[in-house]
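Structures for review follow.
Both complexes shown next keep subunit A, but they swap its partner, so subunit B is in the first and subunit C is in the second.
Then we have the complex of A and B:
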């Protein structure tokens, strides 16, 4: 341990701790900074985190200093404050100050630090400003405004060291220096939108979010990305039941501070035109909207026989309820080819479903398309599909269910919903609470972020109601009760209390899961 | 003493074919190397250079032997680099050394590399010195052929390779970590310290970077001994130093003098005073980055590290610029500010933004569009740059700016008063009118 004094406070840190982190702890807030980022190599170029260390003639940047025993550090004295102000002023002299049309306004490092350290009157002549190129499209998701850039090089270091793709660089020198894209390249790696997150100013903005909403109007909800089996921890920013963007949320055990671009744009599906928002019943060749009473009488008449097919996009609780609903009937998942895609070495999994692990834990077999079709062909008159689109993906399945009663529980209109005699609109991932189990067996909570469209039902309540109509047993009154039941029924959970999972999830030992990943 | 007695480094300047190995060897060349790899060994060489008091001649004046001592003892691979970027305005001494006496530089480089047990020595020459690159390369080839480079140098078992590397013409590549980055193939931008290059430099290995003149002084120290070297100069500023003098004096050019020489004597005896009709106004002693001195200040100082520090300036690279009375100081500072603005690498914010701001304010003043507040603003901008960056380029811009303001403020103010700008000179008033 190393003992040092920061602003008169004596503190102990482990050897090798960065002085930047030590100061953050001592001050209760970070030193002003642009270039420092805990997950990127040190650049030391913004020169904002300068502190005074006793015995050193010059101010020292804290980010590139490790704590030493007996160090006496000042972070709030006049000299340090003045240096921070002067350096901030240097950052601003050639900045266009176009906050009124900048997406970053409200969460901008320049704005925040100006309020903290600046508050001076500008002495730059308008004619003295260096102007640079604005609004350049540099990739499918990102727009670059070099005039707003403070050249902290975070984005460059991200592409060099995190993705290893190296698309970005600093071109030219002096105050003509600009972030730019390597000739013939575009910023199109799977993680390009992270550069927007780490850009401390409005130089890199998201083409998707651009001009959509002022950030101070947004509310944030912590949840889990449904895009793949990694289960990145995310924050969904929304207002008035509309999602505007997704940002990664720090979880060192899952995704660190990053997430992929696919996951980030998953929210679009929540608000898609094709959402099912009312129950439908087949009427001859057509489907028509029906009342819930009509739906129930139709479902009651099925007699609870047939094949039950659940998708890996449902939560652990929903799968458990659905399995119970199937009762003596066969409950399977499939087609197993569904929800696969290219993965990468960083975060994106080849398994593009959020909860396949739970199927294994619940003992629900995943069947390949032709096998699933064979089972449907053999099924006793009724096939219930919960999520996914097996009719669209497996032609043999479509043929197999043709003469049968097909019930579809789902969120979007697709080939399966079109073929169904009964369609029950359910909730998208951002409209319900539940548990996803990622590929590593980590239990993570998804949260209700926005309201369900139209008459879409909350999945577990609908399943519990349906169950209640078939067997007269008392159904769980709420999610906590349901989760207690799930914990009892699923051996792989190893007695884990599902009601105490926190915002960063809870890992269940892999050895106890009994399933394959 | 005769002026020629001080010629340690410039001994062969002007000698016919002095750049050839045969001439160099006939005058005792490569004897110091024989001594070093023979009897002395690396530790003793380092010790001798430490004792000699030889200081880095590139500008910072750091004791060379001490710098060598920073290389970790257990380092497996060490690199040595010779800084021949010579980009400091007003400086042209290293090019004389490489032009007239390349073998002295090469011998000094081999000995210095040997002292730190380097396996590779890179001579980094600025791109503009095209002919010097050829000349140095030829000399290196001669040294290889003679067995002074390559495997088993002079039968000692020591192996050293030498590369002549051409820079691409950036001021900042004269800063040692900028130079290392440039050699590596990266953009010539200084690296943050720590780690210092003596611990982690080129390819992450310990790397020593020394100026051409520094290494060229080493053979003499080994040949003639520490005493002979220390016979010149002062206690703390030992030895001789090359000054490259430009400006309207009778004898401009490269002069070698013992450190501690009064400027007055240098000016009168070596330089022969001002040229016909010229009057001395000011002197930049050690390259454009050091504070300027008035004629009077200059006349009362001596040419060594300590005296010049006392006078408020620095010895720097020895690139002496003599400024005559007819020179417009604001025009001169505009040229310098343009230079630093152009050459800032752009990494650190205070330098990137500050050098440009200074340049634009000075330019405005010279156009007669400046105000008295602009003159104060120059001072303020300097305050936001000095000492706040990775490398000293920001300071290099600030030191002349501040010293010009301090010593020649009247010339700046005259531009405001003489301005033909009508009406109130308020910046705000102008801005809103336009």
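Then we have the complex of A and C:
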């Protein structure tokens, strides 16, 4: 432990702590900065974080200094303030200040820090600025405006040290220095949109989000990414029932501060054209919109021993209810080939479904396509498919269900919904509450962010209503009650209370079984 | 309110004279007659304007109906920054931003609608605009239309309109 004094406050830190972090703790807020980032190596290039250390003739940058015993540090005196102010002014010499057309406005490091450290009476003539290339498309998701860049090298360090792909670099010198893409390359790694997050200014912006919304109009909801079995913690930014973007949320145990581009753009499925928004009943060889009464009378009339198929995109609670609803029927999941993709070593899993783990916990077998088709062929009259698209993915399954009563509970129109006699519109991931269990067995909460389209139902309520009609038992009145029931039925949970899971999820409940990610 | 040490208005106790009404009615009429006589003899001092034949003169700073300023080529000067719609207390400016074909402009309003029925003519939009793209200096205060949706004016109208108020 080392003892030092920051702004007259005596504090103790472990050896090796960066002075930047120590000052953050002492001040209750970070020092002004652009280049420092807790998950990237130190660059020390922006010079904004200068502090005065007793005994040193010049000011020193805090981010590249480690705490030493007996240090006396000043972060708020006039000399330090002036330094930050002058440095910021230097950063602005060639800055275009296009805030009105800059997507970063409202969450910009330059704007925000200028509020406190601005000179306000600028000494730079507008006409004297060095101009550089604007709005260059440098990858499938990212757009670069070099004029706005403050040369903090965060994006460069990200591509060098996090993804190891090294697409970006700083070229030229002096006021001609600019960030750019290495010749013949494209910023197309799986994590390119994280550079947009860490860019403190509007130099790197998202092509998907470009000009869609001003950031101060957005509201944020914390939830979990449905893209793969890693279950990155995210924040969904939305306004008036429309999602505009997704940002990663810090969870050191799951995703740190990053998330992949695939997951980040998954929100688009929520607002897809093909969303089911009304119940449908087959009428001859067409489907027509029906009332809920008609749907219920159709569902009540189902009989025989059927096959119940649930997809790994449903939540733990929904799977449990569906399994209960299946009762004496065969309840399986499948085809096990669906929801697979290329993974990488960083976050993205080869298992592109958010909740496969729960299937194992609930004892629901996952079947390969041909086996699933065989079960469907053996089924007596009824096949209920909940999520996924087995008809579209497994031709043999499509043949097997032909002539049987196919009931589809799902969010999007697809081959399965087209083949179904009864279609019940359910909620997409961002429209319901529930629990996803990631590949490592971590329980994480998904949250309702936006309203459901049209007549789409909240999944668990629909399942509970259906269950109530088949066995006359009282159904859980709310999610907390349902979760208590789930905790009793799932042995792997070890009696864990599902109602106390916090925003960062609950640590591994069972012994870590590795998972398949 | 004039009090005379007496309570006036709703719930005040009336004295006997007031409760007879007739006297009070004539007291009210007397005020009317006073004005009538004065207006007959000093007609020039009357504040009434013979609207609509004669239009009142307002100050140059009067906030009339909005207009959108044009660039030299007639396209809107607005860059769709949403400052005005953010500042608007009536929430009546609806802008859809889009990518401009000219890369030196980048952003422009694909749609720019103002709901004039909701507008409270506070001028905050004009105040907030960093590009001097929206102004309320048209002096137009007669904003009339024969249906509600006509008060929902669009970009083309705000850029070019010379109807002087009739929508």
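Going forward, the second predicted complex is superposed on the first by the 506 of 517 C-alpha atoms of A that agree within 3 Å, B and C clash if a C-alpha of one lies under 4 Å from a C-alpha of the other, contacts with A are read in each partner's own complex, and residues count from 1 in each chain.
Just so it is clear, contacts are C-beta pairs under 8 Å (C-beta built on N, C-alpha and C of every residue); 3 or more make two chains touch, one makes a residue touch a chain.
Just so it is clear, the model here is predicted, and its values are computed rather than measured.
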Ask   = Just from the overlay, do subunit B and subunit C fit on subunit A, or is there a clash?
value = fit
Query = Taking the superposition as given, does A:260 touch the first partner, subunit B, the second, subunit C, both, or neither?
reply = neither
Inquiry  = Applying the document's definition of touch, where does A:100 land relative to subunit B and subunit C: first, second, both, or neither?
reply    = second
Inquiry  = In the overlaid three-chain picture, which partner chain does A:151 touch, first (subunit B) or second (subunit C), both, or neither?
reply    = first
Task = See if subunit A has more residues touched by subunit B or by subunit C, and give me that chain.
result = B
Ask   = With the two structures laid over each other on chain A, which partner does A:67 touch: subunit B (first), subunit C (second), both, or neither?
value = neither
Message = I'd like to know which partner A:26 touches here: subunit B for first, subunit C for second, both or neither.
response = neither
Ask   = In the combined three-chain arrangement, what's the angle at subunit A toward subunit B and subunit C (CA centres, steps of 10°)?
value = 90
Ask   = Which partner does A:170 contact after superposing on A: first (subunit B), second (subunit C), both, neither?
value = first
Ask   = In the superposed arrangement, does A:196 touch subunit B (first), subunit C (second), both or neither?
value = neither
Request  = Quote the smallest CA-to-CA distance from subunit B to subunit C in the superposed model, rounded to whole Å.
outcome  = 16
Key: Touching residues (chain side subunit C, partner subunit A) in the complex   = 79-83, 86, 97-99, 103-104, 106-107, 130-131
Inquiry  = Under the stated contact criterion, what part of subunit A meets subunit C in this complex?
reply    = 98-101, 105, 134-135, 210-212, 214, 216-217
Inquiry  = Quick check on the complex: what are the subunit A residues that touch subunit B?
reply    = 42-48, 50, 58-59, 61, 64, 83, 86-87, 89-91, 93-94, 123-126, 128, 130, 150-151, 170, 172-177
Task = Using the touch definition up top, name the residues of subunit B that touch subunit A in the complex.
result = 170, 172, 187, 192, 194, 341-350, 352-357, 360-361, 364, 373, 377, 380, 383-385, 387-390, 427, 431
